[in-house]
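Quick one: the structure is below, and I'll ask about it shortly.
Labels for the chains are A, B, C, D, E and F, by order of writing; each one numbers its residues from 1.
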Amino acid sequence: MNWIDLIAAVFILIGGVFILIGSIGLIRLPDFYMRLHAPTKATTLGLGSLLMASMLLFTSNNDYFSIHEILITLFLLITAPVSAHMMAKAALHVKTRTREGSKGLKVRDAAQNRSKPEEG
Amino acid sequence: MLDWALLLVSGGVCIALILNLWRLILGPDLPDRILALDTMYINSIALIILYGIHMGSPLYFEAALLIALLGFVSTAALSKYLLRGDIIE
Amino acid sequence: MEANPKFRLLPMPTHSLLLLVVWLLLNNSLAPGHLLLGAFLAVGIPLLVAPLQLAQPSSKRPLLAMRQVLLVMGDIIKANLEVALLVIGPLSRMQPGFVAVPLSIERELPITLLASTISLTPGTVSCELSEDRRFLYVHVLNLVDEQELIATIKQRYEAPLKEIFGC
Amino acid sequence: MALLWILLLPLLGTLVPLMAAKQGRSLIALLTAIAPFVALVLLLLVAPGVFNGQVLATSFNWIPSAGLDLALRLDGLALLFALLILGIGLLIILYARYYLSAKDNMGLFYAYLILFMTAMLGIVLSGNLLQLWFFWELTSVSSFLLISFWSHKSEARKGARMALTVTGAGGLALLAGLLLIGQIVGSYDLGEVLASGDLLRNHAAYPIALVLVLLGAFSKSAQFPFHFWLPHAMAAPTPVSAYLHSATMVKAGIFLMARFYPVLAGTELWFLIVSMTGLMTLLLGAYVALFKHDLKGLLAYSTISHLGLITLLLGMNTQLSTVAAVFHIINHAIFKASLFMAAGIIDHESGTRDMRQLNGLWKYMPYTATLAMVAAASMAGVPLLNGFLSKEMFFAETLDQVTLGSLSWMVPVLATIGAVFSVAYSARFIHDVFFNGEPIDLPKTPHEPPRYMRVPVEILVALCLLLGIFPAYLVGPLLSLASSSVIGGELPYYSLSIWHGFNLPLLMSLLAMLGGLAIYRNRRHLFRFQALFPEPDAKVVFEGAVQRFVAFCALLVGKLENGSLQRYLFLLLLAALILMAGPMIDLNATQGHVSQLPIDAVTLVGALLLGVSALATVLLNRKRLVSLIMLSVVGLLVSLAFARFSAPDLALTQLSVEVVTMILLLLALFFLPQSTPKESNPRRLVRDLSLAGLIGGVIGTINYAMITRPLSSISDFFLENSYSGGGGTNVVNVILVDFRGMDTLGEIAVLGIAALGIYKLIVRMRLYMPSTNSQGLPWSPDKHPVMLAIVSQSLLPLALLVSVYIFLRGHNQPGGGFIAGLITSVAIIQQYIAQGVDFVKQRMRIDYQWVVGSGLFIAVLTGLGSWLFGRPFLTSWFDYFDPPLVGKFELASAMLFDLGVYLTVVGATLLILANLGKLTTSHSPAIKEKG
Amino acid sequence: MEGLYSFSVGLLTACGVFLTLRGRSFPVVVGITLLSYAVNLFLFSSGRLKMDGAAVLGASQSYADPLPQALVLTAIVIGFAMTAFVLILAMRSRADLGNDHVDGRLPPSPKDQK
Amino acid sequence: MLMQHLAALPILLPLLAGCLLLLPPLANNLARHRAFALSVGLLLIAVSTWLLLVTHNQGTQMYFLGDWKPPFGILFVADRLSSLLVLLTGVLVLASMLYATGGEDSTGLHFYPLIMFQVAGINGAFLTGDLFNLFVFFEVLLIASYSLLIHGGGKQRTQAGMHYVILNLVGSSLFLFALGILYGTLGTLNIADMAAKVQNLPEDKLALVKAGGLLLLLVFSLKAALLPLHFWLPRTYAAASAPVAALFAIMTKVGIYSIYRVHTLVFGPQAGDLASLAQPWLWPFALLTLVVGMLGVLASPSLRMLAANLVLLSVGTLLLAAALESPAAISAALYYLVHSTLISAALFLLAGVIGEQRGKPGDRLVAGRPLSQPRLLGAAFFVAAMAIIGLPPFSGFVGKVLLLQAAATTTEMAWMWPALLLSGLASLVALSRAGTTLFWRVSGSNPTSKPAGALQLSGIWLLLLASPLMVVFGSGITDYTQEAATQLFDAQQTLEFILGSGDR
């Protein structure tokens, strides 16, 4: 087996792990805002490495440079934060429960009506 | 080795998808569900890429690209629905 | 197109460049035919969509921008690892919380970029922007020291943006 | 040929009065009379031939396949009736000229009248069964018009409707009967039918045919129990009553019986039905007539009874009785017409027809009185008048009637009783109107009518006398001629002399006279006795019956079509279930012999997710947004399935459609309740669940049975010819734009039309937007979040680029105009979402309607392009070019076609979504509505 | 595999049918959408199931039946147009008739149904 | 050159016209729309007549779209049957457009484009020789009809629209299931090819094909409004605006045509084990449809409703004919189909004018103010009524007689004769009541309503004139229908003709 396959396999495994962890976080974490972190982050890297693998393999198997997978990564890097932002906005707006014991609830309330946070 | 990794990871992504659906049904709140849907989109991109690699055919690349675009749009639309109700105003 | 009366062949040069690159990426080739077509599209599409674009400051310091991008990339990888560990580790250790980051940039594009970077990097998601765009509300997965966090964000991410867009 | 003109002239004549309507009344009458008069002359000219024993006939093909010919046939019977119709018709025209008042629309009246005349002529002259029926129904219709001539009167409308309904129903029965006869005989030609009497009488279907034909005849001739419509037809102007309801139309039924006498009569059945009906009608009519205070009412019932008499005669199956019948047809026509006219004069000059007011008119109109009295006497059967003769014959026939065996004596007795009453009501007509004291507050003071209004009456009454005195000379030949064509053979001996010596018939007549006078003298008691019975008004009864039936129908229909879509859908789906399940039960082995694919983990999980999310969509369907999210998961998984089973194009399409659909659903959901109330009761739920389950099961089974069986399909052709013939390697796309381009054209047409229709819907729509969300929270004030706006607008060029890419590669790789179009629209919709309608509208002023139109236009035009090369619509063209340093590329007409698809998709989706978005914006689109 | 596929199609059909039989416009539309998914899968499978056989010449050794794919594509588009129309019609009926019941009038409450 | 494309013109012409109407310089300009649409209507009639003559004299015309021969490509087949219906459609659409110029065309957007697309769909359904293409054209005409139904707006239309649309959506899904089954078993979409395949079918596919065929029958019956799938019809037709309802008169006929076509050619007498698939189902339900139609006719509270139920009657009659499955019956049915379609359309238009001129009571069968054109409309109504009842001298009686004769030789006569005759009686009672009420039970004067214009009324006259003409030229027409019917039943010949053309 050639080494490209090996590297690709490694990338694939990494990607898989991150994707799985992201989704585990989605289940495991106690409140929405915390869940929000897991997929939005894990997936970028996860998919990224999968796409790396795909690039490697297609480039090696075919005679041309197959790097269009970069596009997907680019897309995700641009969109993922905005998606997260929009979902968070929505969550704040509909007053989604936050896990008790989380800090800065005043800040959250300020955020809910997009006003200045009162000091202290 | 590669096939083995592919098999393993596809399995992992499948589990991920199951977890997403679970969250989707569980809720409890609408934002959770939107988040779950968004994650599902991304995970299915992963699935398609894996399938493409497995098949060794580039035919499925566009599908992945499209999901990336459309997933964003639908997430945005759903969030906007929660925020404003009227998503196009 | 009443939006911008004075006609420019390249209303968005950076976009045009990007488009050409993307077109070549899409086709996985540098064939002259694709170059030609790509160039055509790179000129044509911006002409179509220009009216829909809000005027934004363009980057004054491309090199710095490049550096910043790479830095963020690195942070993203770090962030992923951290978050991964947090997620599979015991939940009790986590101290989630909200933080209000005061902003010193006003324009939409920089703010957007900042917010995105924040969302992409260690355990932070930018949730909301205050009405007056003076504060960015961030949710932190594991909030150890609020002030330190704010400081990092401001100098590690906001400062370079200020330089890049020269505001 | 002459025959044709005899029919055609009056037909054309119907136009005369309409065209002359502006002229003076006398002129109209005169002009109207011309056509019938000429026809009469023609008839008299051809008559000699008939008298020489030949049957004149002409026929033209009309609709051979239906056996319907334009066939005219003039024999004795036809001649007799034609004479009556035209002769009396002319008199009626003259009479009506004076009867109708200035405010009546005379032209129209005459038109109807002549139309009716034509129809009657058509019946009697027709030599084809179907043609006979044709004119038969025409008489019903034209009489409807005549009866309802004074349509502002309720009783006129009701009477007309009743007449039409009864005779129309009879007509339908007749049609069935005639068709049956035609089937039995194998021809609708009257000649052939009349020739095959034995065949008919011995055929199994004879009773049915007979009954059907008789139903027609009886309903038309007002035989019991269908007699009730006739009295109410008296709402018609009197000339109509005189013409239709005495001389002609009611005789049509009689004519029919006479016409088919040779082939239908002569059986027990015929005797029993016809003669008994006749007898019944005779008695009933005669009895009731006496108690009618309305002049025309009396005459109407007397008509009924005389028609009964004729029917009875026809029923008695002896040749002499038939002769008598024919003779009475003539006589009754003459005296009854004159009586109606007289009644009309009285009504016209005194303003009423009520005999309780009409008294002693002798003083005021002696001349008319004389005429009326003579006619009435003839009706009563007084010697030296024509009525007497046929009545004598009738009595004679009743006497040697034997068919009823030991009960045969009843026939003459009942006949005499009938005669008694007819004398009585005749007496009343004479005495109660012209004598019997002074008139009681009449509307007008009566006086003699205008000169020419009397003429018709005079002529007819003169005929009564002349026929009564010199029957043999005047009517003998015609009578024998007509009777022989009814009997269809040699006539028996009979004498038309007035005096046959003292015999039973004479005695019966005397009894009738005396009895009648006696009854009339003591009528008070009889009237008092009669007053004990409530008098049912047939009109009310009939209308009531109809209305009750209508109400019943409405009830049934309401029960059936209860306006519940759920019931309709249930029935539809139930039908589908039954129709699919039925055959599947016969299928013994569900599984076919094709080797199946192995199940792999990924697909299994996919199926699991699909199932779960589908179920979740259902279970959570009352939380609408949630079930909507679930739905889009299903959509996502379906497209993954397409990808899995090697259909990338489908996957792409499904994905993009699914997202657009979701946006659409979101837009709609905003204006709809956020949750569905719990309103299906458990029974309904169980019902629906079981139906859904069963259908799902059957569909699944069919699917399994189908895909586990081998398939040899036409697809190989596409795979082979896709590149060589279609110039593309993506076979699916080549099928879409080339092999089956018409489907695609239709499909984008559907999309475009849907967009237009939706725009139609939106433009008129008035919806209020909810001020809070389902939790009661106010909407966020942040209309267009900054980050979203920025990112969306920077994504737009990228998305457009991608769609161009997808579009261009479509012919050879997964993609194509449709998907590209959807990507473009999604990208633009994203702008709408992020920046708002007004923002986008100000910056890109595109009329999406035009985009749709031009898209379709381009597609169609591309198809038409091939016409230039003499090839059929949508024939594709493609070629490869290899210019220096650009590299090899392909140009294909299919791409232009695909461009059409692209534009249509973009235009349609945006036309829908953008306008839907505008719904709550300030400017309401309703202004566009006008023109 | 075929069995699994058919089962899923059947399940989707059942779900679609059940929702289509509801009384309010929105669930009915959702049901019709589900039903159309089922229909598309059914029609698609009429060309038999095939893996690794996308009907792109040269992309694989043996191809899946391309015709049903083309048919389903048409069906999807038409289905989309129809769904859109009925959806807007449902809004219109809410606007005109003041309720979102498919009959345009509210049914008698469960009490007086019995 | 056009000659060669003749068979496609009845579809392409309106399609193209529809597009042009959406584009400048015609777009959103009522005057131009009217002028253009009317001229297209005339052109359409001319083309259809031409096609009819050509098919009648030179035999069936085939048109291979994209120049792909059957069974692979889509083809249009114009035989006597389809050309007749295409011409009928042309007349109908011209009449309804003429009427619409009275103002109905401006009560909503896109009237003429939608009409054009509707016609393209209808003609396509009549002409196509490909089952999936038939589905597509069904959808085209349906979506157009949805949009036309709600033309003019109003509660009833929306309400009726919901039912109509949803029922048909489910119907379309069933259609696709049927298509899936048939393709999945027969492996072809060309109707003639299907017929050929059905004739020698492997044993183990029999049940599946049967299920598919029956499902297809169900779908067509839904379009044809066969009981118990008829529920959408009365309210839909009664709710639609007059010209639209008039055009809809042909819609049920599309379903009926499809049954005639598919279930005679594919599942007809020669179909081996699947012979006469439809008949056992058609019999009872067509009869019931007739009965329900009768009830409906008698129960109708308004003239539109009455006309709608009369359509139902004709549906029952026409499907009874299909159940007889004999050339004679179909020939009679075709004559009756043309007649009943034209006349019921005329009745819908009349209902429209009458409703307008009577003001508040509209076309409901109650006393009201007098019409402003009583003579004219009265005469028109009288003609229409007599024709539809089946009274001479108008076309109805010929159709009835032909149908009765066709049934006379069969065992079903005992059912069919009473049914047909009674339905005539029911219409007689209902229409005489309706007419006397609308035209004669009047009170007060009619100051406001303006008389209908000549152009508008010409639409009605165009339709009514056909009735007497159909009687006068009855022999020619019945000859034509007979040949059409024999052609329809001569499956073998059709198959050879169509499939043979593939080799040429």
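General observations
Everything below uses one rule, namely that a contact is a pair of C-beta atoms (placed from the backbone, for glycine too) under 8 Å apart; a residue touches a chain by one contact, two chains touch by 3 or more.
Bear in mind that the values here come from a model prediction, so they are computed numbers and not experimental data.
Shared contact partners of chain D and chain F, listed by label: E. Counting steps between touching chains, the shortest path from chain C to chain D takes 1. Within the contact network of the assembly, the step distance from chain B to chain F comes to 2. The interface holding more C-beta pairs in contact, when D-E is weighed against B-D, is D-E. Ranked by how close its mean Cα position lies to the mean of all protein Cα atoms, the top chain is F. Note: centroid distance chain B to chain E, computed from Cα atoms, is 22 Å. Chain C and chain E have centres, each the mean of its CA atoms, that are 40 Å apart. For this pair, chain E with chain F, the centres built from the Cα atoms lie 28 Å apart. With centres defined as mean CA coordinates, chain C is found 23 Å away from chain B.
In chain F, the residues that touch at least two other chains are 132, 136, 139, 143, 146-147, 150, 153, 162-163, 166, 170, 177, 180-181, 183-184, 189. For chain C, the set of residues touching two or more other chains reads 22, 26-27, 112, 115-116, 129.
Multi-chain contact residues, meaning those touching two or more other chains, occur in chain E at positions 20, 25, 38, 40, 42, 45-48, 52, 54, 56, 60, 67, 71, 74, 78, 81-83, 85, 89-90, 92, 102-103.
In terms of which chains touch, the assembly is arranged in some other way, matching none of the line, ring, star or all-to-all patterns.
Contact between chains, using the touch rule, shows up for A-B, A-C, A-D, B-D, B-E, C-D, D-E, D-F, E-F. Interface residues of chain C, counted against chain A in their complex, comprise 22, 25-29, 76-77, 79-80, 83-84, 87-88, 91, 94-100, 112, 115-120, 123, 125-132, 134-135, 137, 139, 141, 143, 146.
Chain contact summary for the complex, chain B toward chain D: residues 10-11, 14, 17-18, 21, 24-25, 27, 30, 33-34, 37, 40-41, 44, 47-48, 51, 59-60, 62-63, 65-67, 69-70, 72-74, 76-78, 80-89.
Taken in their complex, chain B has these residues touching chain A: 1-2, 4-6, 8-9, 12-13, 15-17, 19-20, 22-23, 28-32, 34-36, 38-39, 42-43, 45-46, 49-50, 52-53, 56, 58, 61, 64-65, 68-69, 71-72, 75-76, 78-80, 82-83.
Per the touch definition, chain D reaches chain E in the complex via residues 563-566, 569-570, 573, 594, 596-599, 603-604, 607, 610-611, 614-615, 617-618, 621, 624, 627-628, 631, 634-635, 638, 641-642, 644-650, 653-654, 657, 660-661, 664-665, 668-669, 671-673, 676-677, 679-681, 688-689, 691-693, 695-701, 703-704, 706-708, 711, 713-715, 718-719, 722-723, 729-732, 735-736, 739-740, 743-744, 746-748, 750-751, 753-755, 757-758, 761-762, 764-767, 812-814, 818, 908, 912, 916.
Every residue of chain E that touches chain D in the complex is listed here, in rising order: 1-15, 17-27, 29-30, 33-34, 37-38, 40-42, 44-58, 60, 63-67, 69-74, 76-78, 80-85, 87-92, 94-95, 100, 102-103, 105, 107, 109-110, 113-114.
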